[in-house]
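Next come two complexes, and both contain chain A; in the first it sits with chain B, in the second with chain C.
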Partner chain A sequence: MNYATGSRARAVGGPIFTKTVVALLLIAALAVVLIAVRFALGLGATTAMNDGYAWGLWIAFDVVTGTAFGCGGFAIALLVYIANRGQYHPLVRPALLTSALGYSIAGFSVLLDLGRPWLAWKIPFMFWHWNPHSVLLEVALCIMAYMLVLWVELSPAFLEKARDSGSATLRNFAERTLPILRKSMLWVIALGMLLPTMHQSSLGSLLLLSGPRLHPLWNTPLLPLLFLISCIAMGFGAVVLESTLSSRYFGRSAHRDMLASLGGWILPIVSLFLLIRVVDLVVRDQLGALLALDRYGTMAAVEIALFAASIVMMRSQSQRLRLGNLFRASMCLMAAGTLYRFNVYLLAFQPGEHWGYFPSLTELLITVGLVAGEVAAFIVLVRLFPILEAGSSTTKIDPSPAGIGSTSPTA
Partner chain B sequence: MHNETIGEHLVRCGVSRRRFLRFCLELAVVAPAGVAWADKTRGAEMARQIAGARRPSVIWLHMQDCTGCSETLLRTSAPDLAELILHLISLDYHETLMVGSGHQAEASLHQAMSENAGEYVLVVEGSIPRKDGGVYLKIAGENGIDLLERVAANAAAVISIGSCASWGGIPSAAHNPTDAVGVSSVVRDKAVVNIPGCPANPYILLATVLQYATAGTLPLLDDLGRPLFAYDRVLHDHCPRRAHFDKGEFAGAFGDEGHRKGWCLYHLGCKGPVTHAPCSTRHFNEVVDCWPIGIGAPCYGCTEKEIAFRVPMFDTVKPESFAPAASFAPIYHETKTVSPVAAGVAGAVIGGLAGAGLATARSLDKKDEEEES
Partner chain C sequence: MGISRRFALKSVATAAGTALARAIAPAKADAYERVEPADDAVGMLYDTTKCIGCKSCMTACNEANNLPYDTRGESAGRWHMPFDLNEYCKNIIKLYKDDETGEQSFVKRQCMHCVDPACTTACMLGALYKAEHGIVRYNADLCVGCRYCEMACPFNIPKFEWESRAGKIVKCELCAHLVAEGKLPGCCEVCPTGAVIYGNRAELLAEAHRRIEAEPDRYVPHVYGETEAGGTQVLYLAHLDFEKLGLPDYGDRPVPQTVKTIQHGIYQGFVAPVGLYAMLAAVMMRNRRQQSEEDTKDEG
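Right, the complex of A and B next:
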């Protein structure tokens, strides 16, 4: 079993245009129409964004939250390659696919949000115009690069399909490319480890730069660190959700034992997040603001409670082995991380008196449509390409050193 | 005599029409009389309304106080005190202003209470000690708390002037040796108008009493019982030094360059950003800049229940509005609209996701149980 060949993953097969996929595509089609309207009429006419809140739902959800959900690939890769836990390897490809799709949606949403999206190509190329002090530039470059890295990391799945295809050209191409990929994958993976630490923390730095315009409950120099830690937890939540749902949908293994022990790795990470969050509030003398029953205190309390709830649900291996429980914990984690990001980007951020923001119907429907399209793409891709591993739902973790050794990406 | 209107009284006292009109205009300019006369566009209309009102009988009780609020009232010149207590209201009992003393004074209190039962306005200055049955304050042999309860029982309106009467003020500062409280903690069956301040701005009292006299209503109050017409905004919003706050120009110490240049006093402990008071727009006693920030002293938040005598004087507070504006919202364009359809869709999506998730978790639970059994 190795990264480039992923021997045990198989295309699910089956019909492409099932009722679910068609329904999802219809929702996505509505979004496409609305996107056309947005480009025809402009941002002011179609969104609720204004000069005060220049970033709305598309940034807060599609980009900031969506890429955090997309950190499943990052979280699993950290575990498999840094902690050398090869037994989690079956989770890698589906997690990478979720990540690649999530990041692509994020990148696409940024294009919707830009006033002149046709100039976006200049960002990576016109380096002589770069402002090296800009956090936003770092985020833009890093997310673009990571999107590329994710698809490259996932490309063996497509190449394997090509290798087994009837066309001689495709087979040739795949057979020549796969060995190159195999040799270079180590570096690609290393880049894939580095990039999320850079841009996920920078998503926190972005709002830190707004200084006193950020409510004290969230305004901490540790904001980048908190964003980075929470994205790992959210990515894990996304992996559990994706794994559980695809096991139900395709009748594949849910990798229950694997997810449960993976939860064992995530538990200290979430706890660390919560510890830093609360100690930071205490040190900055903001507990009063947390307990104040205004909307800021309430939202912060709900967010912290959701994180705490996920810790309670995942507290022991026996609790985590109950898939329903693990699923709920993951929902909590994802909701908590989402709320944390919405709180920072939309609630805590106060551009000044008299400004307000609530997403318009167009913004909402476009986001919903993009997510629907993402889910449809996931279903179609796992049906066509070797992403999911076949196997019974009682797959046991192979704890032997051999299991670990055989996962070396260059093997 | 008691059914006489203000107008009839003024005619009887020989006050000319012109002088009364001028007085009414002064009132419109200096007093925060926005509520009672907001719809009156001309002095004559105001004059007609005020002249038609009956002079309210006012009983003024002193509890644990320094008489600072009365002193401030004495130093008000437009309208001056004589005009106020002789022509506009009938100040029937006020321990430090009345001529009589001893039994004579008590007799006038008794008379005012019986003649105007249910109609007089009670103004209270100072906090009420409750500890040990209230023995720490005695007036004519009666405990302060008993006196207040007795007089308030038949009052038409109760007004607390100053921070002490509003919620305890200085006497209630930690650790509150006499268990001093404000009027609203003793008089619970009546709406109490709080006019906090140390001292309170006398015009707010004047406007409240005159609104009661002319319209028979009390002003709209905020959640601390303060008239909204005077306490609806933090003084920071209209502070003459606000521009320095926004520019980031702060006095760092008393007497430093910034202080001498009149820069913002926030870092010296100014409580302006959280203090709801009209001080920055209505200075005391018609003297320009006669208010703390005007003379270079940081506001200490005397109109806020949780600030004055609770938070150390030179501690900085966190501004209620934590956002120096990055950009300014258009004046004529409402940006805070929430589309009900969008809100509905957002709610439906969130609810649908949560519901579907929980249903999935429930079915997973069932599977878990099957596997366990």
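Right, the complex of A and C next:
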């Protein structure tokens, strides 16, 4: 298998500043203004976070949920390089781009959230101060390293463009760099699987310290395992979403058959999550709390039902080959994983009766703006660089809005 | 599909192995070393039956720590009137009152100076650390303002300077700067009834038990903090259930025990991550070799 080159990906081309991109950038620009306000006025004046809920939307969504969506690269890499399913290779680059952008947004959000972000450089460099017990330190170092790994994994796409460019300097650089990358990429990719295994599970371990103040429906030593398994499922969901939308937006193949088979791999993983989640509740004698009709029981039930619904939708290959069905199943998975993370970080966490939290408008608009910027960056980058596989397949979808839902297995 | 599912499960098993090992690890008790209070550990003993709620300890705390008074909200600039511990308040007297039973008690809240604290376990660069005499201290130079300590502390103690553009963490440091000069912490210095006293933890514990023994009707027969959450250096005597005073029954298990056990179980000597890395690379190399053999065959 060729790790660095030999991709059949081609730049999509076309105009950069389409109406969609401009609209997305305007939303992102609003976020930039609000970010300036956040730094000018401080966290207290601009966010709803408080001494009870010291972590809010930016941690729960941008970091904890966003990086799980960014695990598409991780999930596909496991499949292609470890399970040796080379035929899924066309999914690798778009998945990597989604991951790289998702993780970059997460890293940026952390800087917004920190009270003293100008000291953040001390985290990677002041190693003699590292606290070996700190899960957050492990998460921070791993995510920083993984961000780097993702962009390196993606770099052949940029170098291939440079190789074909008019500038001799760029061409030379690419000609010299690509072979080096090709030789060493295996080690980078292996790192690209090790790091998410470590930090995605640790995003669950983080709240083990909050255990005494966590609602028993979610307070389990299995948090790291549940976070790790669900991030793979959520990454898959993100890949299906990205593939389906790319196919509609750029008229490229949705890789329906590939996604359907991939769903066959994800099915046992989601089932495993559900099994562990439910058995854990039974063993810890929490079924009563699950069935109690309070907001905790209800939210846990909704979260479990969403996971179960995605399993039902993906239960057989014929079901998965219906792209609309697969798309809905993936959205369901992403919603389930998101709810699970929000439940753990915001609902289950109980600092005391007189504390409450709902994100401020500034927090919400900044998050929305960052996501808009991420989507715009994705569109621009696939237009400029060889990310998406060229050529259409037999499963090109009908570009009409109904196309997502109506594609039949024989289309 | 059968074969590819098997492959899928295998590859996930590889990735999940780490986490699984972590999850099982708590069974091994040796991975966590229980922290005992130091011989020279200092602390405070607070006795609800002696506290008259005068709050002089609150203003003394702000003075001792050079902290501005909290005159926001209803106080309208006239009184130091914090709603709870916050960036202007490291020490607060709260009132518990039940109108039906007529039960009433004041309770003083500040950092408990845990024997094995969650906050120092959480802190990335050790900005919060166990200093001399087991006092939990704060070094702003190493604090990035992530607020994980606030998420971790089971007693809701560390507070953040939300109104600042360079927010630091604010919490009781047992007036370590005064103690070093042989003086008393601000609150203990001014308390007119001796409701809060400062001293060596072991001696305070003995004093607490002596009081319970001398007047068993006066107290709930338990010293809060002796064993709670692995033990704290601030101890409480009360005439009402501690739970009612906002001191929950956390059991004897130190809060960091679960996470320390799991993290140590898996990251000890970094063997597991390096092993997993080597395994991932080995599988990839095998796959690549097989692929190139197949390619050669195809060409031949």
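Here, the second predicted complex is superposed on the first by the 392 of 411 C-alpha atoms of A that agree within 3 Å, B and C clash if a C-alpha of one lies under 4 Å from a C-alpha of the other, contacts with A are read in each partner's own complex, and residues count from 1 in each chain.
Operating definition for what follows: contacts are C-beta pairs under 8 Å (C-beta built on N, C-alpha and C of every residue); 3 or more make two chains touch, one makes a residue touch a chain.
Please read these numbers as outputs of a predicted model, since none were measured by experiment.
J.: Identify whether chain B and chain C fit side by side or clash on chain A in the overlaid structures.
T.: In the arrangement built by aligning on chain A, the partners chain C and chain B clash.
J.: For A:G52, decide between first (touching chain B), second (touching chain C), both and neither.
T.: Both: A:G52 reaches chain B and chain C.
J.: Output check: A:G356 vs chain B and chain C. Expected answer is one of first, second, both, neither. What do you get?
T.: In the superposition, A:G356 touches chain B alone.
J.: Give one of first, second, both or neither to describe whether A:L364 is in contact with chain B, with chain C, with both, or with none.
T.: In the superposed model, A:L364 contacts chain B only, not chain C.
J.: After the superposition on A, what does A:L225 contact: first (chain B), second (chain C), both or neither?
T.: In the superposition, A:L225 contacts chain C only.
J.: Could you look at A:F17 and tell me whether it touches chain B, chain C, both or neither (first, second, both, neither)?
T.: Touch partners of A:F17: none, neither chain B nor chain C.
J.: Touching A:R322, do we find chain B (first), chain C (second), both, or neither?
T.: Once the two structures are laid over each other on A, A:R322 reaches chain B alone.
J.: Looking at the overlay, what does A:G44 touch: chain B (first), chain C (second), both, or neither?
T.: second
J.: Of the two partner chains, chain B (first) and chain C (second), which one does A:R213 touch, if any: first, second, both, or neither?
T.: A:R213 sits against chain B and chain C alike.
J.: On the superposed three-chain arrangement, identify whether chain B or chain C touches more chain A residues.
T.: When the residues of chain A touched by each partner are counted, C comes out ahead.
J.: Identify which of the listed stretches of chain B (153-161, 243-251 or 315-323) has C-alpha atoms clashing with chain C after the superposition.
T.: After superposing on chain A, the stretch of chain B hitting chain C is 243-251.
J.: Which chain A residues come up in both lists, the one for chain B and the one for chain C?
T.: Common to the two interfaces on chain A: residues 50-52, 210, 212-213, 351-352, 354.
J.: Which residues of chain A touch chain C once you look at their complex with the stated criterion?
T.: Chain A residues touching chain C: 1, 39-45, 49-52, 54-55, 78-79, 81-86, 113-117, 119-120, 122-123, 126, 129-138, 140, 186-187, 189-191, 193-194, 197-198, 201, 205-213, 221-222, 224-225, 228-229, 232, 261, 264-269, 272, 317, 349, 351-352, 354.
J.: Report the residues of chain B in contact with chain A in the complex, numbered from low to high.
T.: So the residues of chain B in touch with chain A come to 318, 321-329, 335-339, 341-343, 345-346, 349, 354, 357-358, 360-368.
J.: Can you name the residues of chain A that touch chain B in the complex?
T.: 48, 50-52, 210, 212-216, 244-245, 248, 289, 322-325, 327-328, 331, 335, 350-361, 363-365, 368
J.: What part of chain C is in contact with chain A in the complex they form?
T.: 1, 4-5, 7-12, 14-16, 18-20, 22-23, 26, 84-86, 118, 120-126, 141-148, 150-152, 154, 156, 159-168, 229, 246, 248, 250, 255-256, 258-260, 262-263, 267, 273, 276-277, 280-281, 283-285, 287-288, 290-291
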